[in-house]
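Each of the two complexes below includes subunit A, the first together with subunit B, the second together with subunit C.
Moving on to the complex of A and B:
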């Protein structure tokens, strides 16, 4: 009983930081419709800034003052980020802002490393709250008790702000219909900035508050992000009470999990999440998203046309040049080309999903890594030939995608996306924690291809054939009746249903197909490297694919491939620098601001303007000339 | 006071307003008439810059406001009451009014909640209710009251009589007359003449995004063929 209560208290105390970060994310999403992936980074900044301030400011006043100041400082940083990075891209297509927040993650990660160094920082103890008190004989840290009091106070203040002040009224109104709020004379730009600053400030506060418990380290940004997504999904996007309740549930489950099921704490959390979603698909306090509810208008989509002769010739020439690589390139260049090809296939599979079906997956690495692990596990644990393991990689990943897709497709929009991320994290934690089978953090090694393939050049050709073949297959599907059905479902759910298309079913199959293709890439990957580690499934990998697809251009068929090739090539060059994340992050932000239609979309526009390609511009000019 | 000249507005590639032009003088109630899809809503949105005209100009008190952000247009004293009402259904009546609240401008009536509740007695009883609990008529009143909280000198009413009970239509007419008496200028859109006859001084008829008639109601009454050609009965 004593232990039970002690653990309950620890769980409730842990919920504090989680609640603050999650409520910030939720607020920002409600008003700006941006899923702020950089939210974990602001949490991390809060911890580091708080740490430094605690070193400078003395005593108890200094300690608590440092926490408060850290929150304010992070709020100000968030404000700057909103004004400098997000404001220029609000008019870009929905979700494009995501990429900008990826850029922010990278920049913050490297700046933190630069300023505070790579060592984990041990959080200072709170003055006067060192040590433990005993509750029914069990030790409970005094600081936990303090958090138990502080969190509800913060929650209450936040509730007061949102429920009782003019700012809160405007925030809630904007969450529902921001265009109308603008028409009533409210400057949305400042409302957005204010909410973004507030949300980031909360994350910073959370980061600083947990210092005595968890300290500060460079992995905090991604580590909290998963938990926060789970909290937001369970609690319901945009609901403060939901965020609070969900944070408590998750933290308590986690604490008990650590005691009773130490091997599967992470998995346990996701099980809870899936259970909640089975009963309440939009979370405990959430409501379904209504399309068009927020008065957003987008450019009408340009129809995707089959490639013209010009483009076909260009592509054929490109493939021929690539196929001849072993004639003029070094063995290293072939390895690099294999890497790029595999990544292109992976990105193209996500691009297929997003571009054609409009489903945004935040966790596509699950199927890439999943395929790799299927093959690796088969090789490790049974004496199957490599060929069989290789064939089973896409099949396994495809089946996995069908199962996960079936659950996720109960939701739509951003809920769907977050759920895919949660499932990806579930698989990742399975792989990470189930050491006896998967090797855990040490990964699976010695996964080499069969003898006849065990040669750089031969494997390069295998990758070339399968990757180009896979990409062409996806193009083919895009122009098949199935592809049209997917697009019809994307553009108008109801109209597609009316023409007899079972939209959910088509989307489900599309999800499975994309997963299978990612699995194929994963299979190639594991045999080209000879090993696989859990990080092939982690969020960062999923984000890589998302960045690539957005940067390439979601609305163009070539976007995924061009983006992937550019990204991998760039990474190859940039990673030679010490602070390559900083460079890459700034580059991403720059591209987002300058090329809101992605590389391919922007290149096409320029080419059209220059008269190299026929399109919008030329057609308009012709029409004008004819009229004159 | 408000002057539109050669406005061309688009939704993507759909060309909806075609060299549209007309003007509204201070203190008048002008009815913007036209059939379903004639472009009335688009005209109002083009005035508010919620749809930014591709060419042409909107001038308010002599100032060219084309391309301004919508909130600045509203701050100048233009109050927009949308056709779909767009009240905030999660907010209470009082909170809806709060969203609309703006400081007074020179020469406009300064509305308070209490004045509005006097003008719309039904709302007073429901001040603590959420928007979604209101009836259609109550929502229509709330959307007007919300805009009045911004102390506008010029009110744009998009089909105020659409889809509400006759008793409430009468109340709407009363409110518009009241606004006129307070010195406000009103541009209201309607598909037919019934409601306009009761309140308007002048009429502008549009069809296919172009002005077809501009004049007093008396002139319009003298030419029933115009009415028959461009309006539904």
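Moving on to the complex of A and C:
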């Protein structure tokens, strides 16, 4: 009994920092609809700033003051980020802001390294709270008790702010219908800034508060991110009580998992997340998203058209130039081109999903890595020829996508995205944990192509044919009846249903097709590298694809490919510098602000404005003139 | 809609930049070695390692270089990604004119490069990755490893643990390949030495996401006599803090793999645990011998003290220089043959790159932790020669199907 209570207390204490970070994320999402990937970075900043302040400020007052000040400082930083980076892009397509927050992650990571150095910092102890007290004979650290008291106080203060003050009324109103709030004369810009600052401040507070239980290190930003997303989703996005309850559930389940199922540490929270979402699709206290509520921000989309003769000729010339690469390029240029082509295909498959069906997946790497693993597992365990393994890669990934898609499509919008993330993580954990079969994180090595394909140039041609072929195939599908059905479902679910399209089924097939194409890219990847590791299924890989699709332009047909090629090419050059993350982050933020419709979308608009490209306006005018 | 041309331009630009002309390997120019590491992802480890390399390079080149030519390293950051490392390795070997490749800390990146090396015929000296499979299960003819592996260091601690007479052990290790290898090797060797031992708890926290309070409660519940710890970095700091507060370590000996390395011990400051039996690097007590000379040279060169990574970096260069001298050529096959059975007078004394499995016999320092001037140090330490902690040749042949 004593142990049980002690474990419960440990879980509740752990929930503290998690709740603060998660409640901040939840608030921000609720009001501004921004999925703030950089939230972990603000948490990390809180820890580092808190650490530094604790070195300067003396005694118990200094300690608690430092925590409070760290929260405030991070809030101010968050405010600056909101004003400088996010405000210019609120009218960009849905979820585009998350690209900007991704840039912020990179910038913060390098700045933190510059300022505080690479070594882990051990958090200072809370004055007077070192050591334990005994509860029924079990030792419980005094600081855990302090956390146990502080967390509900913060939660109550937040509740008071939201439920009992005018600011809170505005925040709740904006969470319900931000257009209406704006129409009623509330200055939305400052409301958003304020909420963003508050959310970041809470993350900073959480970071500083956990110092006596750990410290500050450079991996904190990504390490807490998944747990926080899980908490926010389980609680229901935008719901504070939900965030509190979910933080407690996750922390307590974890503590008991550690004791009774020690191997479960990787999967447990994702299993809980999937279970909760199966029963309550919008989290414990969330509410369903109303269709179109925040879907069409910005200008209405232009219909896509097949490319004209001129463009086709140009593309053909481009492909020919690329195909001649072995004649004028070095062996390494072919290796690099193969890498870029594979990534282009992977990004294009996600773009297909997002652009045509409007389904945003946060876990697309599951199918890329899945394809790679299918091929590698077959080669490793059954000694089958490479060709067979290669063919099975996209099939396996496609089947996997069909299964996962079938479950995930019960949800929509951000919840759908989060559920794909959870499944990707489950799959990742499976691969990571099941060492006997998958090699765990030591991966599967010596997966090389058959002899006739083993030459760098031959493999380059294989990649060229399959990647360009795959990209063209997806483009073709976009113009097929299936593609029209997908777009119809994206633009108006109900009208599409009314015209006899089974939207869910069409989306399901689209999801499977995108997964299959990602699997093809994965199959190419594993044979080009000769090995595969769980990294290829990681969240970071999914984010890579997501970022380039947005950077390229979701609402254009070529966005995925252009974004991927640009990003990979830039990365190739930039990573040679020492502070490449800073440069890359700033570049991403720059592109986001200057080109809110992505590279292709904005470039086209510029070209139209300059008269190089005939836009809709000139087209219509011409049509009128001709009619007259 | 000029999408493909735009893409081609970009790719052309990227290719052009990366193909910027580099002088081919002239016979009298420097000998180039490609070094791939996680300079950003693991900055605290890769930094001192690189400083060790640069110190050795300066010394060797001041003494006339290798075969009369200066030795030069090209350092590249792989972001901690295996796929990226493979690409960079190709670039170093086919474009930059590197004669061989070295580097990496993370085992998975080391394994990826090793796989490429075996396939394409590049010599790869794995400097820091610890995975046993690198030279055993996945070993190949072109891959060599310098640092004493997981098995070797675990065997050293298992020997100490067997001598203590404790029989009920709990283990705690990060839930990934290194942690699992380390626990398996420790259990294997310890059970061999003392068949009476019993493992009463096995804890597997997620790497860098330990829930220390819960782990401590779980271990305490099993009431072990001794604990074997494989956690490191921030996980170790949290475990030490929670375990210390809750009295987990009272009356129990803890065996800590790598816990004595300055990389992991120093961030703990005055909360470093006392009385743990650990492998590590007691640079502060090294005065005589080649390791003492290294420490002195390092501190004179830099305004800093060496970490374990520093001496590994230094020995990496020593090993490569020795192999090149022995090969008398920069041809891949000559270098590979030279590495087999290569004897190096290294900063940790004489080591041999075993012909049988390409593992160097570099050892490790084993000692007990204590506090000195508010910092964790190792006392009563002893340098254990790595060659004494490897399985028998027959066993190795079995473990290494590539032979």
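Definition applied: the second predicted complex is superposed on the first by the 608 of 628 C-alpha atoms of A that agree within 3 Å, B and C clash if a C-alpha of one lies under 4 Å from a C-alpha of the other, contacts with A are read in each partner's own complex, and residues count from 1 in each chain.
In this text, contacts are C-beta pairs under 8 Å (C-beta built on N, C-alpha and C of every residue); 3 or more make two chains touch, one makes a residue touch a chain.
Please read these numbers as outputs of a predicted model, since none were measured by experiment.
K.L.:
Looking at the combined model built on subunit A, do subunit B and subunit C fit side by side or clash?
P.N.:
Aligned on subunit A, subunit C fits beside subunit B.
K.L.:
Regarding the shared-chain residue A:438, is it in contact with subunit B (first), subunit C (second), both, or neither?
P.N.:
Neither partner.
K.L.:
Per the contact definition in the header, classify A:581: touching subunit B only (first), subunit C only (second), both, or neither.
P.N.:
The second partner, subunit C, only.
K.L.:
By residue count, which of the two partners contacts subunit A more extensively, subunit B or subunit C?
P.N.:
The partner making contact with more of subunit A's residues is C.
K.L.:
After the superposition on chain A, what is the angle at the C-alpha centre of subunit A formed with the C-alpha centres of subunit B and subunit C, rounded to the nearest 10 degrees?
P.N.:
Computed from the C-alpha centres, it is 160 degrees.
K.L.:
Determine, under the contact definition given at the top, whether A:101 touches first (subunit B), second (subunit C), both, or neither.
P.N.:
A:101 sits against neither subunit B nor subunit C.
K.L.:
Could you tell me if A:176 is touching subunit B, subunit C, both of them or neither one (first, second, both, neither)?
P.N.:
A:176: touches subunit B, not subunit C.
K.L.:
Taking the superposition as given, does A:361 touch the first partner, subunit B, the second, subunit C, both, or neither?
P.N.:
A:361 sits against neither subunit B nor subunit C.
K.L.:
Check whether A:531 is in contact with subunit B, with subunit C, with both or with neither, and answer first, second, both or neither.
P.N.:
Once the two structures are laid over each other on A, A:531 reaches subunit C alone.
K.L.:
Figure out whether A:185 sits in contact with subunit B (first) or subunit C (second), or with both, or with neither.
P.N.:
A:185: touches subunit B, not subunit C.
K.L.:
Mind working out whether A:569 is in touch with subunit B, subunit C, both or neither, as first, second, both or neither?
P.N.:
A:569: touches subunit C, not subunit B.
K.L.:
Please indicate which partner A:166 is in contact with in the superposed arrangement: first for subunit B, second for subunit C, both, or neither.
P.N.:
A:166: touches subunit B, not subunit C.
K.L.:
Quick one: minimum Cα-Cα distance, subunit B versus subunit C, in the superposed arrangement, integer Å.
P.N.:
22
K.L.:
Do any residues of subunit A touch both subunit B and subunit C, and if so, which are they?
P.N.:
No residue of subunit A touches both subunit B and subunit C.
K.L.:
Sort out for me which residues of subunit B touch subunit A in the complex.
P.N.:
Answer in residue numbers: 12-13, 48, 50, 69-71, 74-75, 80, 82, 86, 88-91, 95-96, 98-102, 146-147, 150.
K.L.:
Which residues of subunit A touch subunit B in the complex?
P.N.:
Residues in contact with subunit B: 166, 169-170, 172-173, 175-177, 179-188, 299-300.
K.L.:
Going by the contact rule set out above, which residues of subunit A touch subunit C in the complex?
P.N.:
That would be residues 3, 6-7, 10-11, 13-14, 113, 118-122, 130-132, 138-139, 141, 144, 213-215, 217-219, 223, 227, 254-256, 258-259, 262-263, 265-266, 307-308, 311, 314-315, 317-319, 321-322, 325, 329-333, 335-337, 339-340, 344, 432-433, 435, 439-443, 445-448, 454, 525, 529-531, 533, 535-536, 557-558, 561-562, 565-566, 568-570, 572-573, 575-576, 578, 580-581, 600, 603-604, 613 of subunit A.
K.L.:
With touch defined as at the start, can you tell me which subunit C residues reach subunit A in the complex?
P.N.:
Result: residues 1-8, 10-15, 17-19, 39-40, 43-44, 47, 76-77, 79, 81-83, 86-87, 90-91, 94-95, 107-108, 111-112, 114-116, 118-119, 131, 133, 138, 140, 175-177, 180, 201-206, 208-209, 211-215, 217-218, 221, 233-234, 237-238, 241-242, 245-247, 266-269, 271 of subunit C touch subunit A.
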